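Have a look at the structure below, then the notes.
Just so it is clear, A, B, C, D, E and F label the chains in written order, and each chain counts residues from 1 on its own.
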Amino acid sequence: MNPIKRIEIFSDSFELGKILTGLKKAGVTNCTVIRHVSGSGVRGSMGDDIDMLLENDYVIAFCLPEQVEAVVKIIRPILNKFGGSCYVSDVMEVQTMNCVASK
Amino acid sequence: MDLSLVISNFLNPPILFFFLGVTSVLVKSDLEIPAPIPKLFSLYLLLAIGFKGGVELAKSGVSQAVILTLVLAIMMSALVPVYTFFILRLKFDPFNSAAIAATYGSISAVTFITASSFLSALKIPFDGYMVAALALMESPAIIVGLILVNLFAYKKGESSETNWPEVLQEAFLNSSVFLLVGSLLIGILTGEHGGQVLKPFTTDIFYGVLTFFLLDMGLVAARRIKDLQKTGAFLIAFAILIPLLNAAIGLLIARSINMPQGNALLFTVLCASASYIAVPAAMRMTVPEANPSLYISSALAVTFPFNILIGIPLYQYGISLLWR
Amino acid sequence: MDLSLVISNFLNPPILFFFLGVTSVLVKSDLEIPAPIPKLFSLYLLLAIGFKGGVELAKSGVSQAVILTLVLAIMMSALVPVYTFFILRLKFDPFNSAAIAATYGSISAVTFITASSFLSALKIPFDGYMVAALALMESPAIIVGLILVNLFAYKKGESSETNWPEVLQEAFLNSSVFLLVGSLLIGILTGEHGGQVLKPFTTDIFYGVLTFFLLDMGLVAARRIKDLQKTGAFLIAFAILIPLLNAAIGLLIARSINMPQGNALLFTVLCASASYIAVPAAMRMTVPEANPSLYISSALAVTFPFNILIGIPLYQYGISLLWR
Amino acid sequence: MDLSLVISNFLNPPILFFFLGVTSVLVKSDLEIPAPIPKLFSLYLLLAIGFKGGVELAKSGVSQAVILTLVLAIMMSALVPVYTFFILRLKFDPFNSAAIAATYGSISAVTFITASSFLSALKIPFDGYMVAALALMESPAIIVGLILVNLFAYKKGESSETNWPEVLQEAFLNSSVFLLVGSLLIGILTGEHGGQVLKPFTTDIFYGVLTFFLLDMGLVAARRIKDLQKTGAFLIAFAILIPLLNAAIGLLIARSINMPQGNALLFTVLCASASYIAVPAAMRMTVPEANPSLYISSALAVTFPFNILIGIPLYQYGISLLWR
Amino acid sequence: MNPIKRIEIFSDSFELGKILTGLKKAGVTNCTVIRHVSGSGVRGSMGDDIDMLLENDYVIAFCLPEQVEAVVKIIRPILNKFGGSCYVSDVMEVQTMNCVASK
Amino acid sequence: MNPIKRIEIFSDSFELGKILTGLKKAGVTNCTVIRHVSGSGVRGSMGDDIDMLLENDYVIAFCLPEQVEAVVKIIRPILNKFGGSCYVSDVMEVQTMNCVASK
């Protein structure tokens, strides 16, 4: 198993295109998107109920440790302008035919 | 004023189901219409109203009256954000003022649809090209809003960074405008025959879908009510008085060019209504500095219910007086 | 017994699509009706049945017969959990017994709707106020279930911790009851006229949506079948015999007050059916100690199919004998 | 060729809404029909077309002509993958060749439905049993595809690992085939009466749902267009020429047994169309070595639009010539 | 990047309100909710197919390490009563305008 | 809190049955499934927009560290044949009535 990184990005739905393009620019072409998640952040609090007008997307991308810096550099200004947040953590990858570390 | 109009409007299924939704939130029932069902309904309503408008337009043709109405509609949608912006500046920063102003310059398709159902119930005719007015009033407000931000929000020398191609894209090709205009064109192209074959889908069940959708609108609007406490009395007053002002201006314009009564009501309702879908989406992208809960909550939790409950019959009453 | 009733019931599209769903699971086809489409259908059915019931009720008015029927309905829904609780205690702990008992005291709206389609097919009339009975029978069972837990599940001196406001909230304002009662009231308020304008939506396509929905019910019920192996023979027998017992009691009550035949069938079906949506949701929240797969699987995978396939025509046969 | 057929086909709401969807992607509007709404529509269309076919079949009965047509349909669906496989081998490896070949042997239900709407518009009758042909042509292609992989893709001595029970399961019981065949059988069982009660749901709003669904198909197909750049000119040419070849063969077969004109068009369309739902799903599971974007994109972004726009009127033109 | 904590909670849908209120009480106002996830746990096994009657929600909240204790204290009794589970892990936060650590 | 492992598996929707069966065989009966997520991987790139024909599922299972090996052994061949990826990371479990470590 290889040590790699998990990048998680939470953002407004309309930013998704910009974020995916940003990831690609940073060399991270593979990712998973969970759409239509609800959330409360600084800019819109959902109280106890869930508000469908302010929808978020949740992007998960696994990448090599050395790619993280490039991703952060590109994604941070997008999040600063339009809101959203980004987290990085450690994870071990099970080596399969198309794993991150083999590319 | 003729209270019977308000009451007969109130006793319609769509309005009552709107209230049922509001009540559900107030009594904390767990009634919920899960995503994306409301989206299905709103796509359907846009498609159906656009298509039917197109079919009607194909029948009636494009006269001078049509063009005049559409030009006035565009004009109102560009003008309203300008004067409301300066009113809003009394309380809000330029970003929020511009975003709220754009919201009120634009329109609410559901309010329009509710008004057209109201007219049908009263058996007052209206023309299919009013749907074109509906479609044309969304975009100008977005663009004027952005111009206001660029003129007043940035200090001299500060770069505005406005990505104009993106803004125009969002203004003219956002999904509501696109589907509405596209369905209108298809209605024009297929004409009478197309109208016939789609009738069971776009006409017969239309009222039912509207009713169901307003149940959801009631839920959504009521959930927004608590936001209003934070936004303060100024914005609440604004959200009732500005529609009245816009409606009055719309009414006078309609009278001055002698619009038929049905069209006049729809025109007035377009002026009085505020967008809570297309413009907010555009504003979040283009004016991220503004607070969405200000412009969404005022349009959705105050202006929308006000218009469908009191506004529509009130404006109709005004018309019945002025058109005598 | 008149087998032709069973067969003609079986050869209806809704029942056959229910079987198609069951078959799909048995042969492991990957047919699936993804969420939230089933939710859309069930909201629609509740809205439509409630609304139409209200419209009918506005026509017929509230007579003494109406009130008597409703009182008896509430009574049955409170009584059934009591005697079934003691039967269930033979095998289960007090928590599970109370939860299952509440499930059988309450009702299944889809069974009711299927029975009303059955009546329409046989051209037997029934009254709109039976929908009110449907709405009123959900809550008492939930509350009685909770009372049983409090009386029998906790040792003396042990605090019950029952959050009564939450329980009452859930019993009277859960989304099914709320939407049903709300639509009923709206139907009453808008009356004949509302019924007319909504007819294409709430009446014409109703049977089709029911058919589609029963396809999903077949899928869901069949997936629950394997749970039954774990629950054991006692619960399976219970899930068939208790509906028969409840139906018999319901029938006798209906006969004793001389209900019209159509109403009598619906009343009987209400007594015989068990809830697999509202009450399970309430029980998970209020009696978390009980095992949901016991009360959901018995109501959904045994009692529901039994009622729509055999129960409804059987009860109708009984009525045709007793009402002669 | 009679261009007026193409134009009158083009000016139908479903086709125009398909184009609206394509346009939306090309101009980058954010119009989107969120999942699972398209799934709801496609389940509805399969259920309705199957059911109505069954009702018709119950009326007409099973004659020799019916059986002959069905046998020929199965034959074509097994034959097409064989010869297209060898054409595809010119460019692709055995895995991709077999997967694409299976795709073209199978059928597209939406193309069939569009063709039947086209016939209805022209008032040309067709028989209900053609739906049975539709249902029967999906499975053989999947199985022949797998046989081709086993014969040609693995080197001698290499184990194929094909899990045949899983393959047969997927071929005969995938959700499209299952729902279509099930609804057909239910239509047969309930006959005229069932057809009557479900008419508002399965017939009246059918055309509208098809129209709405084609809007989504336009979106989905257009998003696939850029995949085509990668797949290259060979596959694009293949995706237009092979349907023409298959249609020609289908037409001659239909002529040789003297099929009625309406049936002949549907038979031809079945031969010419390619599957972009059921077969791709089966291929991903059973030939994971093949690249899904090859077989999905060619069937969806080229063959499907080609057939509904040009193919259907073209084939009809051919029939009008040959059947004179 | 700041070291913070990710709290993940899986629970029955009807508990969502209680859990969000609990998080707020513990000072964690921002979170993301993925609704309608399927699952199998101690109380309801889904076998091979997915059962929509027993729906779960999946709540993700990023918070400061010192907030974890308070969250656990409030959430644990809810999960003990109604079922569900809760996990905590380490993650690095990309500093944006509205990041957890800046509050 | 007990140190346990989080296993995350991304795969084509049609593999879900095989994966759940595999997890069970490895002794992991509890898991959460997020269905209908979009993604781009080696075998199907979604570009900027999201393609609903190639749907993935996202399976999350928390398990004891000693179970990981068995899971990987069973899941890896499935992913190698049909595509998809699998990641393992560390997480602390909040002890509730039905937590992983108590079984």
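A few points about this structure:
As a working rule, contacts are C-beta pairs under 8 Å (C-beta built on N, C-alpha and C of every residue); 3 or more make two chains touch, one makes a residue touch a chain.
Computed from a prediction, not measured in an experiment: that's the story for all the values here.
Least step count on the touch graph, chain A to chain C: 2. Contact with both chain C and chain F is made by D, E.
Taking D-F and A-F together, the chain pair joined by more C-beta contacts is A-F.
Both chain B and chain D derive from one sequence, and where they touch, under half of the residue numbers involved are common to the two copies. With centres defined as mean CA coordinates, chain F is found 18 Å away from chain E. Inter-chain centre distance (chain A to chain B, centres taken as mean C-alpha positions): 35 Å. Chain A and chain D have Cα centroids lying 38 Å from one another. Between the CA-based centres of chain D and chain E the separation comes to 46 Å, rounded to the whole angstrom.
For chain F, residues that reach two or more other chains under the stated contact definition are 14, 34, 36, 43, 83, 89-90. Multi-chain contact residues of chain C, defined as those touching 2 or more other chains: 30, 34-36, 40, 200, 204-205. Here chain B touches chain D in the complex through residues 35-36, 39-40, 43-44, 47, 51, 169, 173-175, 178-179, 182-183, 186, 189-190, 194, 197-198, 200-202, 204-205, going by the rule given at the top. Residue ranges of chain C in contact with chain E, taken from their complex: 25, 35-36, 38, 220, 223-224, 226, 276-277, 280-281, 284-285, 288, 291-293, 296, 300.
Listed in rising order, the residues of chain E touching chain A in the complex are 1, 4, 6, 17, 20-21, 29-35, 62, 89-100.
Partner chain E is touched in their complex by these residues of chain A: 8, 10, 34, 37-43, 45, 48, 50, 56, 58, 72, 75-76, 79-80, 83-90. By the touch criterion stated above, chain F contacts chain D in their complex at residues 12, 14, 36, 43-44, 47, 49, 51-54, 81-83.
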